[in-house]
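Structure incoming, see below.
The first chain written gets the first letter, and so on, giving A, B, C, D, E and F; residue counts start at 1 in each chain.
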Amino acid sequence: MNNRTLLTKRVDFSASHRYWNPKWSAERNKKVFGKCSNKYGHGHNYSLEVTIEGDVDPDTGMIINLYDLKPIFDDVLKDFDHKHLNEDNPYFLDMIPTTENIARVLWNIIGEKLQANSNCRLYRIRVYETPDLFVDYWLE
Amino acid sequence: MNNRTLLTKRVDFSASHRYWNPKWSAERNKKVFGKCSNKYGHGHNYSLEVTIEGDVDPDTGMIINLYDLKPIFDDVLKDFDHKHLNEDNPYFLDMIPTTENIARVLWNIIGEKLQANSNCRLYRIRVYETPDLFVDYWLE
Amino acid sequence: MNNRTLLTKRVDFSASHRYWNPKWSAERNKKVFGKCSNKYGHGHNYSLEVTIEGDVDPDTGMIINLYDLKPIFDDVLKDFDHKHLNEDNPYFLDMIPTTENIARVLWNIIGEKLQANSNCRLYRIRVYETPDLFVDYWLE
Amino acid sequence: MNNRTLLTKRVDFSASHRYWNPKWSAERNKKVFGKCSNKYGHGHNYSLEVTIEGDVDPDTGMIINLYDLKPIFDDVLKDFDHKHLNEDNPYFLDMIPTTENIARVLWNIIGEKLQANSNCRLYRIRVYETPDLFVDYWLE
Amino acid sequence: MNNRTLLTKRVDFSASHRYWNPKWSAERNKKVFGKCSNKYGHGHNYSLEVTIEGDVDPDTGMIINLYDLKPIFDDVLKDFDHKHLNEDNPYFLDMIPTTENIARVLWNIIGEKLQANSNCRLYRIRVYETPDLFVDYWLE
Amino acid sequence: MNNRTLLTKRVDFSASHRYWNPKWSAERNKKVFGKCSNKYGHGHNYSLEVTIEGDVDPDTGMIINLYDLKPIFDDVLKDFDHKHLNEDNPYFLDMIPTTENIARVLWNIIGEKLQANSNCRLYRIRVYETPDLFVDYWLE
């Protein structure tokens, strides 16, 4: 039997977004997205849970040291925290910043940084838009 | 590699229930179920987490629109919210409304409605009886 | 200047209740209380916060020892936990078990027991029916 | 001795805001408000706790019926939920939408509506910007 | 009428402590403090809520800028976070680090720093030892 | 298709720990573990989620009766609750009590007791060190 050990670290960020498909009329946007289509956007306290899989280092008892994880998170969140995701973030120029899309974008960015800076692999990304709504994303 | 995207929506409902097996004596019910066998029942603020899997629609950035999910939840919860599950709910006429059974019943009802009204499939049902006790149910 | 030190202990209990005024018609009960008037009742995970004021004992650094508080709570909750408050509790024979009334009843019972068993005084009772709805009660 | 009974109801809303004083230079705004001065704003899941004091009606056991409170909240939140408070809300045309100012504005609006529609009085407004930061406001 | 505006900021710290009165026998310590008297101590994720009262600055809309509050908190928590409060903190050399005493010590330290560095006054200190047990402390 | 039913029960314990590798110099310990290497340790309110898989007994509607689970948890937690894990627990004599190692140890102990006392199998152990950091462990 194989043992599986996953470490999950949660970080929070505050951002705003707007649901708007530029290929659609204002009426259709309003019909599909409701108040999420309001012109100036609205915002959330997002929570991001990053789940990492790896082998436990017998010298440290850890999969990964949080001191090594922190700069990765700080670097990634610079484009998300206190930003309007439609206006002020390079990843949503052509894509609506729904929770589904945010999770996928964060998977790609964090996964790449983890691969470059550690022996661990990204297992799953979870993004909470509110405590009652969240998306899980992973590749398998 | 395949990407997996899951959306989870949590909704709450308040209900009461009683653990009582009519095939057993009062003594045995009391011995097995303790204070959960009290005659008039007791209650909980249940939380239901419905996890849905689907493809992200490139036009909306969503697996499923919450505006489409809401009528399904409203319809299902009519039999659960502010009800005594043993007395006032069609699903527990012959079955004790434990968290395990509630999760299975909700899987069946919600799964059927999702299949009829969306391109998504139900991935998992989680029911919290209290913040410290919950059941996951799925078919695979 | 006087220092004020308050200790608050939270305990949880699960109960069911029904809002029903026997002096009213079924129609009026339904109109005023809505689904809370359903015949068999419904339930909640209540949280009770008991706030106590007293002097800090220099030998223990405590207002009151939790080991002394626990039997008081256990004794009080015997009539509330896993009960239907309308049917199975001595305090609501002639009174609707709303959160307001539950808070007042608990103030009276716990205040009397504290006075008999400690040098502290009850400062405030808070009862959460759900995380989004609570009542504070005190005498001054 | 007088008894005091307070009922608190929490409601949530999602909004965005920007900290920017138009009388100041961009440099000074940046220095004082940091990333909260970012051009397009950012957002939060705000929680609003409305605390109401009143006499318990012996016929209902309630200070105020939640069915009477709900239309007041719905009406008030129309200007806050899914809005950019600087751009899309009538109350912050000349005022920075900090948590302190949001609490004062909500006190004024809700207090007036309560006075016109109930026998209760507003006791306190609490606004959470995040779970770790909140403001209380009241008049005395 | 006067308006009152309070800002509360929560910060967390992890510490260990032991309840032990050196004037007492081991038996008495064990009897009074139970497992809290265990030799090597145990620990908690404490949450500290600092509530501040002040006038809202019309230029900023704030009582106090969080950027000014942060260095005060960082400075104070150096003696508490990741410390054994009995062994490794200057304030509990002759005092048992109960939640009551921790709250009073934090009131004194933070109140002094606030007075020296701001126009605000400390209104209340709340310390959570666990989510179910907390102490409020203030001077009046 | 097969149905899967999992029951998860959460229990809390308070403990302290220290990250220290005796094969390393003090400098290296300080460099790798930072303030977690402080001499006297620090502590946490840990939360343990035990997830169990089994068949639902048609007579009880349960996978396992919580009355049968409680003595197992009580027995296990005797070595963890209100303990310094490095000094006062038999499992960490030669192993650093990181969250990863705590999860593995608890898997082994609880899994064995479940096997001896029930028809269920342990599915997963989750240990929260703080609400923002947790480890999942299982064998497959």
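Operating definition for what follows: a residue touches a chain if its C-beta (ideal position, glycine included) is under 8 Å from a C-beta of that chain, and two chains touch if they have at least 3 such contacts.
Keep in mind that this is a model prediction, so the values were computed, not measured.
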Checklist outcome for this item: Any chain touching chain B and chain D at once appears in the list A, C
Item to check | Chain separated most widely from chain D, comparing mean CA positions | outcome: F
Next on the checklist: Counting contact pairs by residue number and requiring over half to coincide, which of E-F, C-D or A-D is equivalent to A-B?
Outcome noted: C-D
Checklist entry - Between chain D and chain C, is it the same set of residue numbers doing the touching on each side, over half shared, or a different set? => result different
Next on the checklist: With centres defined by CA atoms only, which chain is the most remote from chain E?
Outcome noted: B
Item to check | Euclidean distance of C-alpha centroids - chain A vs chain F, Å | outcome: 28
Checklist entry - Whole-Å distance, chain D centre to chain F centre, using C-alpha means? => result 42
Item to check | Per-residue overlap in chain C, given as positions that touch at least 2 other chains | outcome: 131
Checklist outcome for this item: Each pair of chains that touches is included here, namely A-B, A-D, A-F, B-C, B-F, C-D, C-E, D-E, E-F
Checklist entry - Once bound in the complex, which stretches of chain A touch chain B? => result 19, 21, 23-24, 32-34, 95-101, 103-104, 131-140
Item to check | chain D to chain C touching residues, read off their complex | outcome: 1-11, 51, 56, 59-63, 65-67
Item to check | chain B residues within the chain C interface of the complex | outcome: 12, 14-17, 35-36, 38-45, 81-84, 87-88, 130-131
